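You will see two complexes here that share chain A, one where it goes with chain B and one where it goes with chain C.
Up next is the complex of A and B:
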């Protein structure tokens, strides 16, 4: 059973976040271990498998990028897994230049500026995905998702860079 | 997790960080990425008139093992012919740095980067030969 089916939701990129939460909480109640303490072991085991699968489904669908990647794999889009490399020059050049800019940003304001730009790029790219899924344009979906992975990584690195700068600043003012 | 001394040395004192002129005819550039972990690696070689790699530079945004793998490769390829450099295997890199199994993919990235740089250099030479005819 796929994650969407498990939560009784249509397999689509756009997803009603309230409906997702509601379905998840209902499922959690249904498979809660407290309800199975007096049940035979095989039923207890089944409940724990169901609860774990439910958590996995919820986590994946809650995050927009994870949801898009998951939906893409359901549609047969192949994405490079761990240890697989790509050589797409446009995409990698963009990622390399962004990371260089981040490396050179030495104030919190500069980092925030770069992070804000990337956030808006992420929003634009996520919005554009809807149309690509409708058209079932697999190569374009693949490319957009790979780019989103790099944008996501950038956001993570920007948070780390910001923390480092703040720490250095407070050490300086404390000294 | 315990990392080898060689790995830590390459990570803390990376060799040959930087860039060569991408537009130059004697420079080959390889740009590769591992999207699953968000790593991106650029590796460049400069080939002398004698056919030997006289300089190599890299720039890697990724984990310590990816940085160490690319640093090691730039060190290894200097003074080699491109045919020799092409024979570098990710397993050699992983073995030399004693990469833990979960980090083997970082050495794959470095092997792909040097191969891509060599392919870029060869394509430039082929184009130049074509133009000369």
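Up next is the complex of A and C:
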């Protein structure tokens, strides 16, 4: 059973997050191991498996990027594993330039500026996905998802850099 | 059903027959423990005959025989210090290897001869005792108190643990309960239990934060409350930050003042303890006064120390700021903003410090909820959950993993399989493959932590998947499954998918994270993320280069005759240069050396391919060839 079916939701890129929560809570009300504390071991084991599958489905569908990647996989778009080297030359160039900018950003404001830009890039790219899925343009979906994955990673790095700068600042003021 | 069921007040109707015993909630704390019971959704802490709910988490094995727990045990400290244990929670699930980190904090004699992989034992009252059996004594005392108060047998309990308790510490807690004759219905994270106590009390909905600052640890959790569902969105903390640090700051200041006044103190353990005890009293007084003073007497020499609230606030400001930084990171993890928080719950005695309250209120923009006693709130939540689990409530508690779980991969990198803040129970799998031709075994090394390199994470378990049939590198498909149950306990299994060679282990790390370890893991993940990226890139370049080398070595062993001596010499020299680059720390050097070797060995690869085609074609008729092409 795929994640959408498990939660009784249409397999679509756009998902009503309220409906997702509702379906998930209903599923957990039925299957969470807390409901099976006094039941025989076989029933407990089944509940645990069902609850785990629900959690996996919920976690995947809740995050827009994970949801898009999952939907693409359902449609037969193959993506390389996470953390692999970037092969697309355009994306490689974009990534290198962005990383350089991040290295040079040495104030919280500068990092925040880059983070805001990457957030808006993510939103734009996510919005663009709908059309690609509609057209079922698999190479384009693949390319867009790989870029989104990179942007997501970059946002995480920006957050780490911000924490570093903040800590350095507070240590300086503390000393 | 037409008949009415009538129950005695205090008796929860149980959905299954034959279990007439009551289920309690227990907060097994580092400093104090509390037992509580909930009836029809109303929890209450159980008091002793003097009206006290708190049981000091102190156990004594008096020379006269027997066991004392609580206040009576504490009173024995002065006369029989070697027979009294406090703060045993800090050692739950710890091994001898962790001990040096808490040495100095705990004045215990450690049992010699303890292996590195066994849980540590203490020599108390002339006998080696494990933290599990010492904790069990506290649990037995709590159980006895509950049975006395309720006049019924008590055999089941929900026990709370810090959100950051790792696998070993959780297992040790379960074991202690078993020793005490208690069935653990569920281990519940302390902040979650606190939220439960508040949520049901208020019937609230929306996003709530739990700010839990105890004596030695800090936890911050974000929960969403909706129609009886408690969903933990994210949790974070620092296991080496708490009220003890505030005491230490005051004590250090007093010792410094004595030095300035020319008093030549010999600052030994006794002196530090005396200063800390006074510091604690002064800290508590500053909770409702603007200034205080204390008299410290060391080796018969007294000194007087004044402390204003403003001074104290300045001394603890950086620690309080750190808690807020962690809180902000947890918010970012959950993808939430501060103004979305409906309320914040304060837990732990250290949240009585006015600066803490003010700073938390300032950050959240709302006055914190403090109407439940912060010392009892966790036990009350546990009692509610105990009632829910035995059939009396519709409450649903959805918790998460506090730390990421992963595996070691080539180059000592960590591949995360279960990211932190994943809802539990959960079962996630990842496929790995072999690295060398004919590889028949694979070591599965399970680690916990946020960093990219294995050495920076906590090693939980290591096992070997053997009996992989010979295949070329990369052909085997090894599926490793991580299952985390509702108590937060992990099981790992591995299976070779093409042949079905399966192996399963329960991850039971023999000792848990030390305070320092956990603090480092949590802080470092953000602190070092940039560094980690650079190291990851180097590690990946090394793996890539070695893979190429291995392939080339295999080809050379087989078809080395295709090369003349000069060519072979050049290739060998390039191999040595690549080995040197791999041993170094420059990613560019590794890449350059790998490329040089590839260029040099290109003619060799071409000759091999040519020969391969010739061999394949030789002895084949034209028909065979056409059939082949047509395939």
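Odds and ends about this structure:
Here is the rule we use: the second predicted complex is superposed on the first by the 165 of 175 C-alpha atoms of A that agree within 3 Å, B and C clash if a C-alpha of one lies under 4 Å from a C-alpha of the other, contacts with A are read in each partner's own complex, and residues count from 1 in each chain.
FYI, a residue touches a chain if its C-beta (ideal position, glycine included) is under 8 Å from a C-beta of that chain, and two chains touch if they have at least 3 such contacts.
Computed from a prediction, not measured in an experiment: that's the story for all the values here.
In the superposition on chain A, A:58 makes contact with chain C only, while chain B stays out of contact range.
Judged by the touch definition given at the top, the superposed model places A:167 against chain C, while chain B stays out of reach.
In the superposition on chain A, contact is made by A:37 with chain C only, not with chain B. In the superposed pair of complexes, A:149 makes contact with chain B only, with no contact to chain C.
By the touch criterion defined above, A:138 reaches neither chain B nor chain C. In the superposition on chain A, A:28 makes contact with chain C only, while chain B stays out of contact range.
Using the contact criterion defined above for the overlaid structures, shared-chain residue A:87 touches chain B, although it does not reach chain C. In the superposition on chain A, A:46 makes contact with neither chain B nor chain C. Of the residues of chain A, those at positions 83, 85, 156-157 touch chain B in one of the two structures and chain C in the other. Of all residues in chain A, those touching chain B in their complex are 79-89, 91-93, 95-96, 99-100, 146, 149-150, 152-154, 156-157.
Of all the residues in chain C, the ones that touch chain A in their complex are 14-16, 19, 185-186, 226-227, 229, 231, 318, 321, 325, 329, 332, 388-391, 396-398, 415, 422-428, 483, 485-486, 526-527, 529-530, 533, 540. The touching residues of chain B, counted against chain A in their complex, run 30-38, 40, 42, 59, 61, 104-105, 108-109, 112, 116. Interface of chain A with chain C (complex): residues 21, 25, 28-29, 32-35, 37-38, 48-49, 51-53, 55-56, 58-59, 83, 85, 156-157, 159-161, 163-164, 166-167, 170, 174.
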